[in-house]
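What follows is a set of structures to go through.
Shared between the two complexes below is subunit A, which has subunit B as its partner in the first and subunit C in the second.
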Partner chain A sequence: MRADLDFIAEREDFKLRCAASYSEGVHLVSGIIGSGKSTMALVMASLLQCQGSYSTKGVQRTILSMQFPEYHITSSSLDDEVRSWGLDPRDVLPRAGMEGRGAIDPFKLSRGQLKRLNLACVFALDPDILLLDEPFSSLDCMVKSRVCKAIESRQDKITMVFSHERSVLPRVDSISHIADGELRYHGNTPDAVMQWSSPPPYLRKALERGARPKNIALQDSMEALCAIRD
Partner chain B sequence: MIRVRGMRHHLIDIERLDVEGNRVALIGPNGAGKTTLLEVLAGMDRIREGSATVLGKSPHEVKVGWVGEFPDRTMLFSRVCDEVASSLRFTKVEQTEADRIVLEAMAMLGRPDLLKRYTRSLSGGEKALVAFAAAIVNSPDILILDEVDSHLDEATVKMIADAVQRSGIPTLFCTQDMDRAATADHVIFLRDGKVEFSGPPAEVFGQLQDGCFYPSLWRLSQ
Partner chain C sequence: MRDPRLRIAATILLSTAAFMSMGGAVIAFLWWLLFTPRLKAIPHPRMLFGVLLMITLTALVSEYTGGLGLSYLVRMIPIILIAAWAYFDRQESELLDVSVWLLGNRIGFDIGLTAEMGLQSLQLISHDLVKIKQAMAIKGMPISVTSMVPLAMNLVVNQLRRTEEASKLLTVRGYSAGGEITPRFVTTKADVSLTFIALLTFSTSFWLF
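Right, the complex of A and B next:
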């Protein structure tokens, strides 16, 4: 299973160039606001046309989870919202921590709760390519940790994480960064950790102290620091 | 900055809360009631029981710069320049002066280029940045920010924090970034509508060492 990107995407006067290939595993794409992370996700979801090519091999289904979960809402109750994804609310609502709340209006939920509901749906569908646009925004640290585990468990599928998260990150197989309208592929972990141009503060601090974390989760930085202390 | 007595409002149940400081962080799990409390303190909702004051006044008497957790929902205008200028125009600030203030605010935030854009074309983070600019231009008495940083990258968050610090405007902000909360003068930890901890960061996070509500940079230093 793989996704091959070699395209230029344009939105108004913004232009993004992407050239990379992603196979099974978890792939982080970082970048500042407005850098083009969502644009890349939209092309991979076939929701935005591009010049050049975007092709996949062995992929039956791709699903995009958008940054703002309210954009996904199509129904007036949580039960119907889950059914709109072709899923059974009895299975999904407990996973979102909303058991017994099926009758309420999705817009009564906070954005963090809406995000939990959306992520529970997209993970339940287990698509070949899962595009997660800022999956951690609005979530508390306990839910972020659970989302990290769900992401890491998809090793036989392609999971793209588009994020500028600073506190809780999953272990990933590759790191890419978008800057100045271009996707820069830093390669696979652990080597890519050293190449990454925008690590979160805890990882930056660990690197500054001479540690060499194997991956980008906080635990990796803590273990690497322990190793140089010993 | 904040004084609450006997507040019972939706799931909020706070007997007593006294907060001093210029930068106050509100933290807690999703669904703890953080947004509900912020809306009351911003004067957007009247409490059913009890009392609350902000800067010594009723929340309705305070000029609040508000950025909510759904910044795109509160946008009124199609052009960014009109959106940022909205509060100035509603209060009849002269056009040339309004334009000057708007340009100065966006320059301070490092993104004057956004002024020529349409709001619908903005990325999620850019919408949050524009909402912040719109909140700050009319010199509010206090800024109340509901998880604005969750849509922003580290550099932009720092730029906003620096801009707020320079302005000296008191700020109450809700965040899921504990490293950022640790930089506040005072931290309130809310769970199930109740204030579980309230005090200086060292005191509050000292109670939260065993869970994930602990600054990652502090964890790294242990």
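Right, the complex of A and C next:
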């Protein structure tokens, strides 16, 4: 399974240049708000035209989870909303922590609850390429950790995490960063950890103290710092 | 046109002239043809096409049932084109500026703020529509008559939520009524000339067929 990118995408007065290849595993694409992460995700979901090429090999299904979950709502009850994804509410609602609430109107949920529901649906679909646009937004730390575990469990599929999250991150196989309208591929972990131009504060501190974390999760930085002390 | 006061005045004059008579509509159309970037000044061509299609259908029905459908069509086309140009040419907060200049910091500010929020809502609805269509495509749901209901519901609920947030924000910032701004305008010779021509069009439209 593989996704090859070599394109320029334009949206209004913004231009994004991407050249990279991603295979099975978890891939982080970082960048500040407005850097072009959503644009890249839209191209990979075939929802935005681009110049150049975007091709996949061995991929049957690609799913994009949008940053704002309310856009995904197309039904008037949670049961029907889950069914609109082609899924069984009895399987999905418990995963979203909403068991027995199938009759509720999705618009009555908070954005965080909607995000949980949306993520439960897209993970249940188990697509070959899962594009997660800001999957941690509106979530508390406990749920973020659960989302990280769900992301890390998708090792046999391609999972792209587009995020500016700075506190809770999953273990990833590669790191890319978007800045100045260009995607910069930093390579695979653990080497990419040192190359990453925009690490979160805990990782930056660990690196400054001479630690060499194997990955980007908080746990990796803590373990690397402990190794120095030992 | 750089001066929003004159642009709004020209828009009102030309629209009224076009609605008054067929002759006024023809001159207003010529004004649009000569003094605007024409098709480049149409922000959403598809939307404009949809509006024109609806007007054409209404005109055909009217003509068929013995009304003045053709006249209605000829008069409405320049009105829509000029409105599209005025919308395309606008700058942020200019409605607030013009309203305060015209009616003062109390009523003028309130009316201007409401108009600005209305325009902002239009832009956001347009953005929401794109996103909802993308979300439906992700689910493999085609845009059809049946999908219009959830689509419209999504638009309305999102807009209501934003309105609620905006009202809370205004309250938190201490807004109750009126405000204070000092609008500044730049008037060019071209602005004055084009408004004068619009005024002539308006005046002559009363005597034309």
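Note that in this section the second predicted complex is superposed on the first by the 230 of 230 C-alpha atoms of A that agree within 3 Å, B and C clash if a C-alpha of one lies under 4 Å from a C-alpha of the other, contacts with A are read in each partner's own complex, and residues count from 1 in each chain.
Basically, a contact is a pair of C-beta atoms (placed from the backbone, for glycine too) under 8 Å apart; a residue touches a chain by one contact, two chains touch by 3 or more.
Keep in mind the model is a prediction, meaning the values are calculated, not measured.
With subunit A as the common reference for superposition, the partners subunit B and subunit C occupy clashing space. Contact comparison for subunit A: of subunit B and subunit C, B touches the greater number of residues. Of the two partner chains placed by superposition, subunit B and subunit C are both touched by A:70.
Looking at the shared chain after the overlay, A:12 reaches subunit B, while subunit C stays out of its contact range. Of the two partner chains placed around the shared chain by superposition, neither subunit B nor subunit C is touched by A:176.
When the two complexes are overlaid on their common chain A, residue A:47 makes contact with subunit C while staying clear of subunit B.
Among 73-81, 181-189 or 199-207, the region of subunit C with C-alpha atoms clashing against subunit B is 181-189. Residues 68, 70 of subunit A are contacted both by subunit B in one complex and by subunit C in the other. Put simply, subunit A touches subunit C in their complex at residues 42, 45, 47, 63-64, 66, 68, 70-76, 84-85, 107. Against subunit B, in their complex, subunit A makes its touches with residues 11-12, 31-34, 37-38, 67-68, 70, 110-113, 116, 134, 136-145, 164, 166-168, 198, 200-202, 205-206, 218, 221-222, 225.
The touching residues of subunit B, when paired with subunit A in their complex, are 28-31, 35, 69-70, 72-73, 117, 121-126, 128-129, 147, 150-156, 176-179, 211-213, 216-217, 219-220.
Contact residues of subunit C toward subunit A in the complex are 128, 131-132, 134-139, 141, 147, 150-151, 153-154, 157-158.
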